[in-house]
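The same subunit A turns up in both complexes below, where it pairs with subunit B and then with subunit C.
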Partner chain A sequence: MVRSRFDSQLEQLDVEMIKMGALCEEAINASMKAFLENDDVAAQIASEKENEIDRKEREIEALCMRLLLQQQPVARDLRLISSALKMISDMERIGDQAADIAEITAFLKDNDTKSKVHIRDMGIAAIKMVTESVDSFVNKDMKLAKSVMEYDDVLDNLFVEVKQELIDLIGKDKANGEFCIDLIMIAKYLERIGDHATNIAEWVEYSITGSHVKMAMEEGNK
Partner chain B sequence: MSKISISDLELHYSNFNALKNVNLEIPEKEITAYIGPSGCGKSTLLKSLNRMNDLIEGCKITGTVLLDGEDIYRGMDINLLRKRVGMVFQKPNPFPMTIYDNVAFGPRTHGVRSKVKLDEMVEKALRDAAIWDEVKDRLKKNALGMSGGQQQRLCIARALAVQPEVLLMDEPTSALDPISTSRIEDLALELKKEYTIVMVTHNMQQAARISDNTAFFLLGEVVEFDKTEELFSMPKDKRTEDYITGRFG
Partner chain C sequence: MTRRIFWAIFGVAMVMMLAAIGLVFGMMNAYFSAERRDNLRSQAVFIGAGIQASGFEYLERMPISSERITWIDEDGMVLFDNKANPEKMDNHRAREEVVAAFENGEGFGGRYSKTLSEKTVYYALKLENNTVVRISELTISPVALFFTMTQPLAFILALAIFFSIFLALKTAKKITKPINDIDLEQPELAVVYDELTPLLRRIAVQNKQIYWQMRELKCQKQEFDTITSNMQEGLLVLDAQGDVLSYNIGAMQLMGIETSRAQANVFQLNRSEGFRRSVESALAGVHREETIQIDGKICKIFANPVFQEDTLEGAILLLFDITEQEERERLRREFTANVSHELKTPLTSISGFAEIMKNGMVQGEDVPRFAGKIYDEAQRLIQMIQDIIKLSKLDEKQSIMEKEAVDLEVLVQETVKRLEPIAQKKGITISVVTQPAVFTGVKQVLQEMLYNLCDNAIRYNYENGKVTISMENKEKEIVITVSDSGMGIAPANQSRVFERFYRANESRSKETEGTGLGLSIVKHGAMLHDAKINLTSELGKGTKMKLVFPK
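Take a look at the complex of A and B:
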């Protein structure tokens, strides 16, 4: 088997990407638990996960640099490694946003209003997108990557829905104002997580096909 | 625009079919790299571009190679062809004579006798080959006393002295250290402003670094020919992908 060492290093990269993706899911899960159940321990976990995600980003960066140095990859190998380098930046931002959500929950007064808006659904959608984007990378699954890109609309629509719900709540009672502003921030963070998952899926597309959907669109507009 | 146009080229060494239906357009004033495993025909094709295979017994060539539209196998004077299409080999091969005489050899063969003219031509060729500053004070020294990297640049100067249009390079850096390799690569990039360069290389990174176009050969066939950046980032043929990523065989 030629290049077996290189292939085993690429498998190692897949494993590390799965681990980083799993950390992102855990961070979002913990921040949502902190939000929905006023769970301080969960908020603390989200913050710790963010630190772990940052460390994992450094580790994967180092692995990619080593692969570039030692193996001088070309073609699909080069696309895969350069995509991984871009994807970990998005995953690192996902970790930050999960921690930001957890941070807001610490100041959030308990209020049953939060169960009346669709933030929980946004959390579920965001986790689904993150999981599937990383899975699409590891399995080189173009169909799954496309479905992640499309699913971003679901999350965006939920955000619009939540925004309207919060406007209605403020309209009913101005005393809800501060609380609703905190909630819209959380919703916005979840919406951004969806954008990062979409970026990951776009890099998966580049890794598989050699063309990047955004770049292709920009070229088309020229 | 194509400097060299190769059509339906077939080459046999007795019963061995070394080149099969090769069709390639070599753009002017660009570097075109030939890559592929040993024995794939890339050096054979390179040598076909200035008819160096004609010397080999049992060699039979069909198809056409046009240099600026002129068929090099039909009616072109071979000395004129080799003046227009120079060659540099894998191993530096200076003649056992002075540095000056090495470079002046070509122009003298083509009838230049004037000392002033020869001095001018030698200096220009050595300058173009980025070696003038290193040898200007020892032009009368034997070329065999130079380092490998210097000898190779001298050979390039010797090829340039007859003012060719095309420079063929057959693995020009495979016998050199990294610094000399880097010098030759920089030189090739400089030379392409004036010359069309065709280079055979086993060093994939070298092809990716300096060439504009790359052709991948396998078993005497051109599997893929494309812009270098395209071929090394998104090869169209699976065999190219397997070869350049090192998963061939």
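Take a look at the complex of A and C:
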């Protein structure tokens, strides 16, 4: 069987997306390692991964444009490509935020405030969401995509919890203020990463079924 | 096909139609013009006779007719015209039909109007008085006639198209049906057009070729599968795009993937960094080795590019599970580090005391105390080295240690007797409950095991504590239990106490003086005898060690 050029290009897109997803996982893993273990090398890796993710985004974007212009795809293929275009911008944001976290960790080295709040749990949850959203894309797994969307609530609740913990800490000792603000930023970044992972999962669902959760909700509101 | 047939049919229809129209037109035109000429001539003869008889009077009396009648004298001057004023008309001497009439007695002429839609036909007749009478008639030209027929022609064209399509569809179906019905498995049996026989014969030959090639490939694949499926190592064969062409069960097990999902791009199977790097490197044509982790397993990957005549065709990945190897390596490294550290500690003390003595800084009466310390440390060193030797012997499971029937009851009593003095120092009471039991094992090792367990029970006990040693001789196994009322082991440490040099409480290691190898020896001894060790302990309350020897 001779594979058409279009098919092989679509498959290439799939593979590139997987690679970009893997880079995102590595970026956030590295930044959490930098944060929790005060690992300078890991922080360096996180920022390198971010550059690599940006490069991959441009590559995939060019590939998508080529596919759209040259092949003029319709229906499912068009959905696949347009959702890929949306997904890579979410992935790129994940990479950015992972690098931002790694950058902040440099200021938090000699402080054990972080052990007093639940940021570690947030990191674990965010990593889980990113990994599972990429998995759902790789395996075209609707169930997993749905579970990622639902898991976002866990991360959001953790964020609220961490926020409260930090408020209490500042209340107890004002000297902690600066660290606490840095920590709240990291918590916020993690929370955003969770949102981007949710977006990815939503686009996975869209590329499979052709219906997008948020669009469907808006339709319902009308 | 249908289109081609359509054009063929339609083309033929069109050609035939045009030819028919042309032929009919030509013939009709010729016939009618001849008719018209005869008609004009007979009229002219008639009118000429009239003119000769009565001249102008005849002409003026003539009823108005559709034909135009002109009377011309021998100079070409128009004498009379029933449709125009003769005085305004120019000389007609040079007109084609007039010239012919003066020369031959009669002449024809024809002229088209400007639009070609009308044709005027002239007939001139020379009369006996040397004048010429000319009659002309207006007729529709053949071109105009053709245009008047466009409507019926269009109808016929539409009909032709319709029939052509219909016939084309029908014919195409009729022609292709027997071709489609050919059984390609047995083309030589098909009865169709003779023109197709060479093709069918060729298909038959190719079928045979394909069959044999498939068989050969299947055999090769089976061979390959048999070889690879029995491999412990994982094997993946990729094409240049990274799609999995072939895999073995080992690879899927190592990567923790169901075989149904294996036929995909390799990055769908695993996308971890090391894996990606090695695959990308191999697909770029460079060999690469990486160590990666998959679900807690440690894997070594060898990625090799595959070239065929200088072009990259794909890659071969070999995966080895090196978890155990890596674990052993880690333990060995730890052991070496620990041994050096543990051996160094007493040696440092010995060296320190000796140095003080060497420098003459010790008074005569203190010498025995210092020498005693040096002796104690040296003893500890010797003890430790002995333990290490025992362990390494157990490690190698040397055949020197021959198994014999050992009376465990006696062994227990002997051990207790040896430890009695130490127990008494701490005020610990040892109670023994035994049954007679004989076990086939290495006496020395069993003794060592019991000694270490009891020693620990005393060593890690509180003052005035209790140690209970019991032995049960069951049907299939002998169970020896050593329990104490000591300080116990925290749950987190329970799995690690059997490691070499591991001490549950690092800070107490000095005061309790162990080598850190005791339980390790027990574990290895148990392994030698296929016995199981069961540890239950509660921090601050005591520890219970159960040895289960199978009979």
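Throughout what follows, the second predicted complex is superposed on the first by the 217 of 222 C-alpha atoms of A that agree within 3 Å, B and C clash if a C-alpha of one lies under 4 Å from a C-alpha of the other, contacts with A are read in each partner's own complex, and residues count from 1 in each chain.
Here, a residue touches a chain if its C-beta (ideal position, glycine included) is under 8 Å from a C-beta of that chain, and two chains touch if they have at least 3 such contacts.
Keep in mind that what you see is a predicted model, and the values were worked out from it rather than measured.
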Superposition on subunit A - do subunit B and subunit C clash or fit:
fit
For A:160, select first, second, both or neither according to whether it touches subunit B, subunit C, the two together, or no partner.
neither
Considering only the touch criterion stated at the top, classify A:181 as touching first (subunit B), second (subunit C), both, or neither.
neither
Applying the document's definition of touch, where does A:210 land relative to subunit B and subunit C: first, second, both, or neither?
first
So in the superposed three-chain picture, is A:6 touching just subunit B, just subunit C, both, or none of them (first/second/both/neither)?
first
Output check: A:75 vs subunit B and subunit C. Expected answer is one of first, second, both, neither. What do you get?
first
Once the shared chain is lined up, is A:14 touching subunit B (first), subunit C (second), both, or neither of them?
second
After fitting on chain A: smallest Cα gap, subunit B-subunit C, Å
5
Please output the residues of subunit A touching subunit B within their complex, sorted ascending.
2-3, 6, 72-79, 210-211
Quick check: in the complex, which residue numbers of subunit B touch subunit A?
204-205, 208, 232-235, 241, 244-249
Subunit C contact footprint on subunit A (complex, rising order):
8, 11-12, 14-15, 18-19, 21-22, 25-26, 134, 138-139
Subunit C residues touching subunit A in their complex are 241-243, 261, 265, 267-268, 271-273, 276
